[in-house]
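The two complexes that follow have subunit A in common; it is paired with subunit B in the first and with subunit C in the second.
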Partner chain A sequence: MAFVQNLPFISIILSLFSGPLSSILSGKWAKRLNLAVITLIGAFSVLVLTFVLQTGEPFVYFMGHFPAPWGNEIRVGVLEAFMAVFFCVIMLLSMIGGSREREIEIEESKQNLYYIMVDLLLCSLLALIYTNDLFTAYVFVEINTISACGLIMIKQNGRTIEAATRYMIMSLLGSGMLLLGICFLYDLTGHLLMSNIKEQVQILAVTGQYHTPLFIALGLMAIGLAIKSALFPFHAWLPDAYGYSTVSSAAILSSLVSKGYIFLLVKIFYRVIGFNVVCDSKVINVLFVFGIIGMLMGSISAIKEKDIRRMIAFSSVAQIGYIYMGFGLGTEAAVVASVYHILSHAATKSLLFVAASGLTDASDGSGKFYDLTGAGYRNKIAGIAFTVGSLSMVGIPMFSGFISKLLFSQAAMGHDMKMLPTLIALAISTVLNAVYFMKTVITIYMPATGKVNMREGRVIPIKEQPVKAIALIFFIVLNILLGLSSEPVVNLIRIGLEMFD
Partner chain B sequence: MKELLLVSILLPSLAGIILLASAFADVLKKKSKKQLKAQAKKSQTPLHLFVGAILAVSAAVILYTAWSGEKSLTLFTLVDNISFRLSLDLLGSFFVTIVCIGWLAAGFYSFVYMSHEGGEKSFFGWFLMVFGVLVGLCFSGNLVTMYFFFELMTLTSMPLVLHNGSREAIMAALKYLFYSMCGAYGALFGIFFLFRYCSSLDFAAGGHLNMTLVSGHEGILLAAVFAMILGFGVKAGMLPMHAWLPTAHPVAPSPASAVLSAVIAKFGVFAIIRTVFYVVGPEFLKGTWVQYAWMTLALLTVFMGSMLAYREKVFKKRLAYSTVSQVSYVLYGLSVLTADGFTGALFHTMAHFFIKTGLFLTAGVFIFKFGYTKVEELRGLGKKMPILMWSYTFLALALIGIPPTGGFISKWYLAAGSLNSGINFFSWFGPVVLLLSALLTAGYLLPITINGFFPGGESEAEVKEEDPHLLMLLPIVILTTMAVLIGLLPNVFVDLISRITNAVLW
Partner chain C sequence: MDFANLLHNYPGAVAMVLFGIGFSNLLLQKNLIKKIIGLNIMDTAVYLFLALKGYIDGRKAPVVVDGVQSVEAYINPIPSGLVLTGIVVSVSVTALMLSLTIRLYHRYHTLDLDEISAQLKKEDK
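Let's turn to the complex of A and B:
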């Protein structure tokens, strides 16, 4: 066994233990530890990715040297390793981009608590990505939820406590349904390891035994994870949670936490149930319908919004809708598109949150559009970054958003029932996106002269916030890279999905 | 020398970006208005020299590139077999030449005009950016590349509408953006379908549908092509998506409205030509409901546009409605799918370009000199500005289509194309509508000439002749000359256009 194969496990353990270690450190050192851990794990994941690409096949890592079906397993393929790399990059950039806000908004004595939460969150995300055991996945889903609540609540005002409570209630409902689904599956198959369950499920599907319980289990897990990742109509908790928490929390929550659950759902589809069985079921139709409604309703709510952060949050609802619509199409190509959209949305949304915080900074902390007039001039780099993010969201070619739309529509092509609804929904949602994002871009580039009752903003030169500027520049580069050289990424996703079987 | 394609796009765009960055820096320094004005005055001459030099050099490079043979350049691949590809053919050269002339005329005119609007740096910055983008649009080699430049065209031309930053301008710009995005997505919708049913998305005269794939799916493909015609038609101001044009074009500073109306609106036409004649192929549309719907929409727009222009009291708005009507002449010529119609359409593209640029620049002179915007204010100007008023008269005559001006030749071909099309009802109904609209055109343009030379009523004392600044007058006079000249010597141009026609229709 090559040494590299130990790295996924080491990454999980490293982030798990850096959490408790942070509790005895000061805020400053906890931050340094956290950044170092993320960077290190990112580097590890790159090594793992190159290793898997070289060998060309996934590997299984036994925990405690018990063979299946008793022991716990980690399984690493191309897609898992790539996701780990990508999540680390986004998390690192979000943490860097929001570091100044954290220092201001979080009490001095609680600084280190924040980093405990982030470490645990990273740990749970990695475990969700790598684990081959359904129950382990459930355990880490719960850890993920708890630490996410902490991330929302740590900036203390009435709003965030309310938001965190709402988040917790909805999230626990989701985890409850997931757990029920797992129980059903355990009852039906007698296993908890993904590969073993799949063998049994395939037999059940062929013989037609236990048809109803099997689909109830699938439905419970799919809906449970959909609730947790804020699929319409379960999105009511989202705008408050993203809109009022500190900026790095909002960026991480929208681009990583919800995406972790979605990735788990992809794994359940491919590794636990088997994609052919999933496609035969009616569950994907439900996901398709709610995905499409979400695409439209999210955008409409975003148009009505007067606050930039909440607007971006509502736009997340729409984008999550895209991903579920892709699952709902039920073809290999559509899942590729959805996974690509996970990446593209993660890169864009965190960029938008960080850029928006730069713009509100330059407008005396107000996020209202009226006060944001001319903010693009006051904080140059944030203005440019926000424009890039908006163009990507609207789907202008050469940015990542366009490629996901292209992939979605190609996947929808030739689908007899779902082709037209998909394309029409894509069309309407693009126009709606254009309405609110372009309106915002125009607002931040209007000269602020002659406005009455406007809060006095101030100019923020790049020198004042060099770290955030660097994070934003990396985000912009990431977005344009995803848009320009999408081909290798898409190939990677294809190979990775093939390795799932 | 295929890299020249890239150079021609980048040269004006980069110059535009430099100007924008510098304008951006000025805003950041937060100087008082007085300081800004003083600074603008000081930097005016160098700015003009810079813009003038860039315009001249890029026009030279672009024209050399365009007329030195066909070439193509593939930059990189996006997904699967969709690449970012630039290539040049006769149609692209034809349009790029129009763009160059339009930008030179409006650019030099703006040196004087923009001194009273202010914000020159950002204006010229966006102006040059759009120039580069349009060149890219002409040079794009497949549908996706063209779509990219098409979207960029919307985004970079929007700031021209926004220029004075008033509430009216913002609302107009948003309207412009909204309609354009709707249209662009309608087009993208069609591109997705074509991607499936065509052997490739590259442009090739006559199109390349994969008939074996298409068979059985004709209905959906026709709908897709129709969506593309409607979508790209938004830019051309075709019904039912024309409402943005009369709002957005007049709000911009006059030289910008000139290029918006005379050049950018034509790129809706360009994109439709590329789709119908270079990807789908005219054979596929002949005799289908798409052709009839397209003809009906074009004719309705021709008539509606003229009617609305006739009733409009604000001069620039009247011209914008006139654009709605005239660009649909071009679309009608294309929709009959005959060689004569196509020739007429391209000829009218050229004629209308010369005329409408000239007319908007004339309207700009009225605003610049007297602040006149309404038609009724334009009385007795013939004595004050004889040269301007005479060239206006010639432009008006050309637009109506009185021989021997350019408008006559194009309308002749359009009517001939329609009569030869062999579609019973439309073959004679089309020319009737075109004639009717020509009458209305006379009705809304000529009264200004009449009132200009014969104001009637009070006999004023001797008026001093004060034709505008040479930089403003010269472009108008040159454009007028061209508008008349192409009618006097049509053969050169008709020969060129029929080379394009012969490639796509046989």
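Let's turn to the complex of A and C:
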């Protein structure tokens, strides 16, 4: 066994133990430890990715060397390793981009607690990506929820505590359904390892035995994870949670936490149930319908918003809708588009949150559009970054959002029932996106002269916040990179999905 | 529908009904404490379901006593293990929910989530 094969497990353990270690460190050292751990794990994941690409086949790591039906396993293919790299990059940039806000908004004595939460979050995300065991996945889903709740409520005011409570309630409903679904599957198949369950499910699908319970289990797991990742009717907690928490939390929650659950759902589709069985079920139609409604309703709510952070939060609802619509189409190409959109949305949304915090800084801390007038001149780099993010969300060529829309529409082509609704929804949603994002871009580049009652903003030169500027530049580069060289990324996703079988 | 099967599997049906009760309480109750009670009923229903699936008539709990090591003597130990893991998870989320409830109660002097939202809206204005 090559040494590289140990790295996924080492990454999980490393982030898990850096959490408790942070509790005895000061805020400053906890931050350093956290950044070092994320960077190190990112580097490890790059090594794992190159290793898997070289060998061309996935590898399985037995925990404690117990063989298949008894032991717990970690399984690493191209897509898993790539996701780990990507999540580390986004997390690192979000942490760097929001470091100034964290120091202002979080009490001195609680600084190190924040890093415990981030370390645990990274650990649970890695475990969700790598694990081959359904019950382990459930446990780490709960750890993910708890640490995400901590990220929301670390900034202590009434709003965030209420948002955290609402988040917990919806999440617990979701995990209850997920757990019940897993128990049903265990009851039907007698296994907890994904590969073993899949063998049994394929047999059940061929013989037609236990047809109804199987689909109830699939439905429970899909809807449970959809609730947790804020698919349309279950999104009530989201705007408050993203809108009032500190900026790194908002960026991490929107781009990583919800994506972790969605990635687990992709794994359940491919590795646990088998994609052919999923496509035959009615569950994907439900996801399709709610995805499309979410695309439209999320954007409409965003148009009505008066606060920039809450507007970006509502836009997340619409983007999550895109991803579920892709699952709903039920073809290989559509899932590739959905996974690409996970990447594209993660890169863009964290960029937008960090850029928006730069803009509000230049407007005396207010996020209202009226006060933001001309903020793009006062904080130049944040203005440029916000414009790039907006263009990408709307789907202008050259940026990542365009590629995902292109992939979605290509995937919808030739689909007899779902082609028209998909294309129409994509078109309307693009127009709606343009309405609120372009409105914001125009506002921040409007000269602020002649406005009455506007809050007094101040000019923030790049020298004052060099760290945030660097994070924003990296975000912009990442976005354009995803947009211009989408070909290798899409190929990687395709190879990764094939490796799932 | 075959109701004979339903009657035969009545413990499973009870578990599902309990799950429904817990789920709807967690979703619909306004009072935070009642929501947490709902959460616990929901989780416990899942554990009941799991324990039920691991049980084999006439066998004993999987703890080796009196040197009996035959597989035939004991029930399936895995669901019991899952229940234990699940209880740990459920205890920690319950503790977290209760601490959030205490925080909210100190601030707003009510346990009603809608009332808290109304007060928050007032604060904004």
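Definition applied: the second predicted complex is superposed on the first by the 501 of 501 C-alpha atoms of A that agree within 3 Å, B and C clash if a C-alpha of one lies under 4 Å from a C-alpha of the other, contacts with A are read in each partner's own complex, and residues count from 1 in each chain.
The working rule: a residue touches a chain if its C-beta (ideal position, glycine included) is under 8 Å from a C-beta of that chain, and two chains touch if they have at least 3 such contacts.
Keep in mind the model is a prediction, meaning the values are calculated, not measured.
Residue contacts after overlaying the shared chain place A:410 against subunit B, while subunit C stays out of touching range.
In the superposed model, A:254 makes contact with neither subunit B nor subunit C.
Contact with subunit C, but none with subunit B, is seen for A:149 once the two complexes are overlaid on the shared chain.
Applying the stated contact rule after C-alpha superposition, one finds that A:459 touches subunit B and leaves subunit C untouched.
Looking at the shared chain after the overlay, A:487 reaches subunit B, while subunit C stays out of its contact range. Of the two partner chains placed by superposition, A:299 touches none, neither subunit B nor subunit C.
Annotation for subunit A, partner touching more residues between subunit B and subunit C: B.
Those residues of subunit C that touch subunit A in the complex are listed here as 19, 22-23, 26-27, 32, 35, 39, 42-43, 46, 49-50, 53, 78-79, 82, 85-86, 89, 92-93, 96-97, 100-101, 103-104, 107-108, 113, 116-117, 119-120, 123. Interface residues of subunit B, counted against subunit A in their complex, comprise 24, 27-28, 30, 76-80, 82, 144, 147-148, 151-152, 155, 162, 165, 170, 173-174, 177-178, 181-182, 185-186, 188-189, 192-193, 195-196. Taken in their complex, subunit A has these residues touching subunit B: 377-378, 380, 391, 394, 396-398, 403, 405-407, 409-410, 413-414, 423, 426-427, 430-431, 434-435, 438-439, 442, 446-447, 459, 484-487, 490.
For subunit A in complex with subunit C, the residues that touch the partner chain are 135, 138-139, 142, 145-146, 149, 153, 158-159, 161-162, 164-166, 168-169, 172-173, 176-177, 179-180, 183, 186-187, 192.
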